[in-house]
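The letters A, B, C, D and E name the chains in turn, as written, and every chain counts its residues from 1.
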Amino acid sequence: MGALANQLPIGLSIAAVLLLIALGLTFTFGQMGVINMAHGEFIMAGAYTAYLLQGLTSQSFLIALPVAFVVAGVMGLLLEWSLIRRFYGRPLDTLLLTWGVSLVLQQLARDIFGAPNVQVTAPGWLVGGVDLLGIRLPYNRMFIVVLAVVCVVGVWLYLTRMPAGRRMRAVVQNRELAGYSGIATGRVDRFTFLLGSGLAGVAGVALTLVGPVGPSLGTFYIVDAFLVVVAGGLGQLRGAVLAAVALGFLNSYLEFWTDASLAKVLVFVAIIAFLQVRPQGMFVLKGRSLV
Amino acid sequence: VDEPGAGAGASGDDIKVGILHSLSGTMAISEVTVRDAELLAIEEINAKGGVLGKKLVPVTEDGASDWPTFAEKAQKLISQDKVATVFGGWTSASRKAMLPVFERNKALLWYPVQYEGLESSPYIFYTGATTNQQIVPALDYLAAQGKKRMFLVGSDYVFPRTANKIIKAYAAAKGIEVLGEEYTPLGHTEYSTLVNKIADAKPDAVFNTLNGDSNVAFFKQLRGSGITPQTTPVVSVSVAEEEVKGIGPENVAGHLVAWNYYQTTTTPANDAFVKAFKAKYGADKVTSDPMEAGYNAVYLWAEAVKKAGTVEVEAVKKAAGGITIDAPEGKTTIDGENQHVAKTARIGLVQADGQIKEVWSSPGPIKPDPYLKSYDWADGLS
Amino acid sequence: MTALLEVRGLRVVFDGFAAIDGLDFTVEEGELRFLIGPNGAGKTTLIDVVTGLTKPASGSVRFGGEELVGKREHHIVRLGVGRTFQTATVFEDLTVVENLDLADSFRLPLRSLFRRRRGVSDAVASALEAADLTALADKPAGVLSHGQRQWLEIGMLLVQQPKLLLLDEPVAGMSRSERERTGELLHRIASTHTVVVVEHDMEFLRKYARKVTVLHQGHVLREGSVADVQEDPEVRAVYLGRAKGKAVG
Amino acid sequence: MLSVSGVDAAYGRARVLFGVGLEVPAGSLVCVMGRNGVGKTTLLKTVMGTLTPTAGRITLDGRDITRMPTHQRVRAGMAYVPQGHVSFPQLTVWENLQVTLEATGHRDPAAVDEALDVFPALRQFFKRPAGFLSGGQRQQLAIARALITRPRLLLLDEPTEGIQPSVIDEIEGAIERLHREAGLTVLLVEQYLDFALRLADSFVVMDAGEVVHAGAVEELHDEEVRRMLAV
Amino acid sequence: MRWGRISLVVCIVLLALAPVVLSPFRLGLLAKYLCFAIVAVGIALAWGQGGMLTLGQGVFFGLGGYAMAMYLKLKEAGSAGLPDFMVWSGVEELPALWKPFGNPVFALAAVMLVPGLVAFLLGLLVFRQRVRGAYFAILSQALAAAFVILLVGQQGLTGGTNGMTNFTQFFGLDLTDPNGQRAVYAVAAVVLGVTFLVAKLLVRSRFGRLLVAVRDGEDRVRFLGYDPAVVKTITFTISAVMAGLAGALFVPIVGIISPALLGIVPSLELLVGVAVGGRFVLAGAIAGAIAVNYAKTLFSEDFAEGWLYLQGGLFVLVLVFAPKGLAGVVESLRYRLSSRKPAPVEVAA
């Protein structure tokens, strides 16, 4: 019973990880329709940023969060500016393009940092955990949950409350018309990519607390990240949040009752089954016009 | 024109040897270091005048963490480059993929990693440990420590599954209770549920056959859960110095590992090996068991060639039996029968500085027994 | 005459907003019916429901006695209901002829679809003619202008020979001479088919309409001859305004 | 104000405009006419910078804008209502207007109210995603969007398409007001001749990608010109 | 048309000459590329013509491959014996699932039917519900991931991560003998030819046009009286059958089938060839698959350390500068060469 109850915070913390890795995709994939397979490598860039910064000051881990945002964000911006912008309207091509990019980035990481994993030492205040009502809460997990919540709120405010977010959605929905409305579409695209990639960087820093830091880092998370967005509904923040939470709990209990492999397969099956009911994810905004 | 050409590798003043490891993909993390050690051995041998008066020329191929690619590149090294022998592989899957290629071409492979046993190909030399040189001693050690309740954690592939079968047979015979047996896919990074299961089962020890990156996630998440080495030590058989670095020593310190060699192993040969390795690749580099086994493989082959007086495969095979070198891990001898190597088993304790301190070792090299024929409790296994 | 299309008690709700609210609407066999009404009155929604694109909250749509509600789009087409879209949609990567041929082939058994098209059927040829697209026949439809697309779409509808044609603003964006061509075409078709036309162009309406239904806020406001409807004060208030309506000089 | 001279334009390999020349004096209202597919829309898109001319020159107030990005043309006072009920489908009506307002130089919220005075019906749909609007409602929104930028030069591509008669009157009134009172310059593509006749000062007729006739609006009553349009 | 004929003849001649001029090792590699080319034809159908970006083609490749491997393993083990991996996995009795695969007719049928059936069922489920575009792409990718995990987890049944290796015979052909290898190559070449022909006929048929229409306007197609789900399911099934065939041929040619061949990355790699060659043109897809895999061999042999840069970089360049792939480049070259019409004279206004 204690173990079963313990799965509750575990589900939540899995959800938080899923959310963090998927959040950036709500911009690049959800808003811009770019299936960015290099998203995982931006996560990796964030993790390596934390690695490089560690030891500089006593709070280098916290400092790594904004720095990683900028590092990964700028990488994303460069990717948009150099390649992606030629691909708008061809979402499926972006998948292949960015996959090529991700191969190159992985090799680059291997050449710069070496093939073996590197270690980011967690700050002292994130080591250990606390027992609450018999449930064990590791500090690093709690930190990730808090970070995920902060990021979600920020993204939500940005998308719904800020002119820049509105502008971004306008550009994505109709590039030509956005131009006719006086919006500098190119700049908006680059900024959107910067945000989405930057969030991946932040996720990367957080993931150093619980996972490996190496050139293959991105490949571990990329599929799950896309599944969250797909299950949630493209471009729907609340969908992504709900999907992450649902998948988190599903995963935690399925794995508890079966095993990790089977749980993963069952989660895929659950998603396919779910899409039978809601083919466009949890929340959809459908237009009336065809196509 | 394509003579199945192993042994033809000697031409003019050079002898070509193949090196076949994953330089890309998930396995690169581990295999690159083995390649480095093998290249070091080749360099050293060349510096001492080579073999049979000829220089060794390595031909490197990338197995790309992809088993069919290993088979393809092995074929290429044999029939295109006509190398005298190949050093390569890490995962059992890559070895199984290459095995028919070497057997068909009657060419030689030197495989440098501990593995699950139950194999003895006439065209493969196994310089890493088989199960009776690593897993069985580790179990003996745990039993001696009074650990009666064990939890098994492994990556989902052949080595962990076979290892755990052996462990369960051992446990059944020795009155040890196996509380759980869990597998996760390779590259899995989410261990909170598994850790919770362990916390719930309260074992005396965890036997860990996870491979590669998963170890990092496992140990980091284990540490957050309040499970400590004092209450529940984890014994790992695929975590060496290189992996400890990636996991972060603070996350594994106090846990146990089982190997045949550590960087701290005190032999004259090891002092030289570590020094040479650091000189070539950087002072921050560490050495590890598979690296050492790869390094040994090159020397063992070179000795066999010297003894045979030729690089021709059948002659080398015949000459190999009984060859002994003073390896960094101590004396190692090729078993002519099953082409494995006699090795000393060592249990180590991970230190806070990332090094591993030996806490127990077998009295001497253990004769390889890949089919565990000499163990009663293992009767039903093969 | 018998009722070909019978809509009864139809209600369509979007997010709590009733776009169609208790609509009864009947079209007799062989009729040419015009459907007008303010923007947002529910005209397109009505066509959407009949053709299966939108599911109603309640009510029934009977076509030749058969219930259409709940049927999938392509079934409804196969029963003989065809439509055009307010914003013309054609297959941009297919040529004009291929667009028409595809529309023409929908009754072929699946098996024979695996054969190659040889030449152009009579129906396609005459649709090309009617739509004045013969010169562009082998051009991809993607290069057509707004008006040309509209013509192509009408052509695609014609080759399908549906029993009931639902045209959503077919002449919007057409020049005067083209409106006239469309009007005449409509009359020709209407002599052998049942046609419902949604249109805002009053000039066009005056010229070609017989019976007109005015929709307002999701229900029928008036039904009658062009003259009746035009003089109706309520219709003038919600729809026509002070002007006599749009006309092409 | 706007001057187009010798402009060629193409979609990829397909050339559509051939040496088009056009003058839109400040404060005038010029109407472009022609059959379907002659290149009217293409001309407007070229003027707005969606298509880059392969030859020729476009100037605004004497300034060369041939290669200026679209959004800068909008900031320079041009606004465009594209053909065919175009909107940002997943933004609400309010967001559609707001996003345009935020991208204009003036950012005066009063501009929204002014625009909505022409289309009061839109107010009740503020929270509805534009993609859910009816065709005519969307077209009204499209015109309102353009008005919000407070343009000096307004380009309209068949603005009355799909709009109910009474609202067309409103649009006509509004454009006339802006034109007469605020000196708004308008370049209009319109098939609805009455509308054009009442508003326009002059007109051009296009055929097969070329301007084949240009003249004062009175000429539109000529049999000759009417025939040209009717071909 | 004339161009097409000429290049077709050239290709056939080249393929026929290959066994004479290439070493058995290189011929084996070429045969492997041909397998990937067969998959590529299916992908070009599903993706290029039908707009279904299938990132899970490895699954069907694998189903075909495993079906074939099961047969070959049983044949090798003889009537009493167990396949080698079952022995070391501790399986004592042949699992029921394996039994029918001892029959060559059943195995050959399964090579096509199993992938076809799986694709058909999946397509029916997914396409009827109008899952499409990026959703479909990512779902199919998840499918590949799940499939691999399943295979790996069933070690006793499938050989786990190792998969199955060590095949020496293929319907009487000795795979260790160069002549046997040549014969297997010939089979692959013929199957590729037939696959190409079938796909070509399909594309040119009305169904092919319908498929393009579905790609460009699935919803509009409904209003022409067709069910797009049927069109897509049929196409998806055909492409799966092609992948299955290719997988079955891969087994005797390369001598291994393992989950490593079927996961996300290999499935993506299959697409790369199609994208590089030109997904809208079947011949382009074939050429692309062969070229990309050849380049992979070449790069990884000559630049073992940095070949990912070359592979990734080359791929990115092609996508950016030749979005329609090599076929697109060829087409525009041909257009330039053959357009006799003088370019329109620019008249300054």
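Assume contacts are C-beta pairs under 8 Å (C-beta built on N, C-alpha and C of every residue); 3 or more make two chains touch, one makes a residue touch a chain.
Note that the structure is a prediction, hence the values are computed from the model and not measured.
Participant: Taking contact as defined at the start, I'd like the list of chains shared as neighbours by chain A and chain C.
Facilitator: The shared contacts of chain A and chain C, listed by label, come to D, E.
Participant: Considering A-B alongside C-E, which chain pair is linked by more C-beta pairs in contact?
Facilitator: A-B is joined by more C-beta pairs in contact.
Participant: Could you work out which chain's C-alpha centre is the most distant one from the centre of chain C?
Facilitator: Using the mean of the C-alpha atoms as each chain's centre, the farthest one from chain C is B.
Participant: Centre to centre, by mean C-alpha position, how many angstrom separate chain D and chain E?
Facilitator: From the centre of chain D to the centre of chain E is 51 Å.
Participant: With centres defined as the mean C-alpha position, give me the chain A-chain E separation in Å.
Facilitator: Each chain reduced to its C-alpha mean, chain A and chain E end up 31 Å apart.
Participant: Measuring from the mean C-alpha position of chain C to the mean C-alpha position of chain D, what distance in angstrom results?
Facilitator: Here chain C and chain D have centroids separated by 28 Å.
Participant: Please report how many Å separate the Cα centroid of chain B from that of chain D, as a whole number.
Facilitator: So the centre of chain B lies 74 Å away from the centre of chain D.
Participant: Enumerate the residues of chain E that touch no fewer than two other chains.
Facilitator: 149, 152-153, 216-217, 220, 308
Participant: Considering chain A alone, which of its residues make contact with at least two other chains?
Facilitator: Where chain A meets two or more other chains at a single residue, that happens at 106-107, 261, 264, 288-291.
Participant: Could you check chain D for residues that touch two or more other chains and list them?
Facilitator: 132
Participant: For a test of understanding, state which residues of chain A touch chain B in their complex under the given definition.
Facilitator: Chain A residues touching chain B: 2-3, 6-7, 10, 13-14, 17, 106-107, 110, 114-122, 127-129, 131, 136, 138-141, 209-216, 219-221, 251-252, 255-256, 259-261, 264.
Participant: Within their complex, state which residues of chain B touch chain A.
Facilitator: Residues of chain B touching chain A: 23-26, 28-30, 32-33, 156, 182-185, 187-190, 192-194, 196-197, 199-200, 213-217, 220-221, 223-226, 242-243, 245-251.
Participant: In the complex formed with chain C, which residues of chain E make contact?
Facilitator: Touching chain C from chain E are residues 201-202, 204-207, 209-210, 212-213, 215-217, 220-227, 230.
Participant: Within the complex, which stretch of chain C touches chain E?
Facilitator: 51-52, 72-74, 77-78, 82-83, 89-94, 98-99, 101-103, 105-108, 110, 112-117, 156, 160
Participant: Note which residues of chain E are touching chain B in the complex, please.
Facilitator: Interface residues on chain E, with respect to chain B: 23-25, 28-29, 32, 88-90, 149, 152-153, 155, 160-163, 165-168, 176, 178, 254-256, 258, 260-261, 266, 297, 300-301, 304-305, 307-308.
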